[in-house]
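What follows is a set of notes on a single structure, which appears directly below.
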């Protein structure tokens, strides 16, 4: 399998449908991001971001080779046409559904290959041999170059990995200064051990860091502001990304913004190095108590 | 080690003492079950099912070769004669006690071999080398052909397995639409990874599916009834077994019934294939919320 | 790596600063302990026990070869001079800090080598390759002979171990009849599997066994007293140590006392063998319910 090179920060298109961008605007945004060194683009079938993104890319096909396209499969929500559920929302890692989902993604993205395909959420009915067979075929067909998972527990990663000839590239999980579960539940320990760099979603806690509600939210924001001041950072956003990039599992934070100025701000985080004391000050504010 | 072939459904004799069956009736029940393809018989020293079962089998020794006998050791409850505890109930995986328990099982079952011996509940004092030595001797003596565990956590399975030359055959755990912990705590992930097919006890949640009490119980029963209707199944029981048999860890559900008609009903589950949507509809009713 | 031989019981110097012992008294205490067969001495940078201990050892340098010195690094509390934190208490497994901490320990202990160095509490920023490099250098320099960890989860142990050429010697964790978490959270299962004998701290639950408060405390003390009486043990303390030494992970209990008479009492535990029933009686008192 050829090697995959993702950018240190990843652009997330979860809410692309709500940005109100024309294809031209999407293309411009992507090209500006690429100039800033942000070349990896995170999608999912259920974001419904693939078709508008594909339309934009079709305006300038040469951009395709400058970016890495990540997308996800495995969820069947109600009201999603051919790929949705007739009844309750559910997950589906069957070979038939995955193949169908990848075909739809390729068509919508207007591309001949997905750089990285993730299983979106763990399907309790995941048959690891069937998934291995599906991945092998998608890879042999040149349709998907690399594979990973999302929101998997360490035990689920271990089970699936045991059936695969190649290493899963990533486990995309939720993580932010307001949601630090992956630090203690084994997710990041496993990631570092396997060299399986996680992608992180909801890094800004769904915007709660910009409109803190609870006392805890406010304490975390205050800690971030203190560190930002010490480092001369323009925004707490850059401090958050620097805090994430300090993790020894070498994660890829996903940026959820539609504003190129905020992408540029985030990129500054790559040059910010927190001291361990600063890192733990933010952790302590979120934890609500000092380390033992 | 010779290979072990269990039937897809297992007959459980937990409550045999309460069935009020004569040896002749037990024999008839077993022979009818065998005709239905249910050939694996689940016992335990503490069920006190071994002696009446052995008495029944002695009536027609040729049946022995048509069945697989599973039994369990390792519990010492108060009031169990030579194998019970003087003081508090406890567990005991010592070599001396296991050997003694197996001898008693062989004697009571009136057989020369146990097809599958399970450690009934995890003993905190389990010395994995001692257990390995015990298993090796029981196997060399031809008294026990295969080994497994019951109610073990993944970490306990991993510890014991690391000391054994042969794979543990099963981890017998509680699982039903009303108790789905094994789906998320790593038990089934480990089972699938190791190819260690679980046996499932209390699949009908101790009968609660037939006399639902809570709102959640009722929601699960309603979901089961809906699926039964869609599939033209005679009973929700068959749907429950089909729901279990759909799991990718390939479990062996244990039937707790004394009625051959209900065994026959359960066998029908082998021909029922739920859609993923139907499977998740039952899961969702139990979970109380849709998948994320 | 040369092999390390620890004594079955370990002397803990956590509260040495509060004992009010002169160097001569410390030396006498250590020599008496050595005569009782307790030769392993547990320190930590943050106990501030190293300097007074080193001063005592300097009075009679020949004692050094009769003992094994264990110490710990990785914590940076506020108010600890050169090794403390400017801001919040935090952990620090960086190479620079570990080297600095070990130098300070060697200087304070007035010795040329640490027999066993433990990472005191898990640092979320632990870079396993960096730690491996640090350990390799400390070992090559002859400054630290063996390595271990303390208060690590199984996933953290697994991650760090995966980067090291030699086995971690121990995971020092809290355990007592009033705190039995390590029995069920995988810690002891992993320890037995890896042959990584744990050290146990707070074995007497911080003295709560001698001044029980809750009903549960009292039930545990009553169970210990019952067993002590049955065994003709002088104290419940010896029963507690015998209860710990019965664990199949072969742990090293740490004694927190400053009284040589109590060390002698504890040593008697090595000759006490609890029955499984006695062991579970104490467990049941703490658990508040019988085994299932």
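The letters A, B and C name the chains in turn, as written, and every chain counts its residues from 1.
Everything below uses one rule, namely that a residue touches a chain if its C-beta (ideal position, glycine included) is under 8 Å from a C-beta of that chain, and two chains touch if they have at least 3 such contacts.
Everything numeric in this text was worked out from a predicted model, so none of it was measured.
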item: Turn needed to bring subunit B onto subunit C - CA fit, degrees, nearest 5; value: 120
item: Same or different residue numbers at the subunit A/subunit C copy interface, by half rule; value: different
item: Inter-centroid spacing, subunit C versus subunit A (mean Cα positions, whole Å); value: 41
item: Per-residue overlap in subunit C, given as positions that touch at least 2 other chains; value: 154
item: Parts of subunit C lying in touch with subunit B, wherever the complex brings them together; value: 154, 183-186, 188-190, 192-193, 246-248, 276-281, 283-284, 290-292
item: Of subunit B, residues touching subunit C in the complex; value: 75-76, 85-92, 94, 121, 123-128, 130, 151, 153-156, 158-159, 162-163
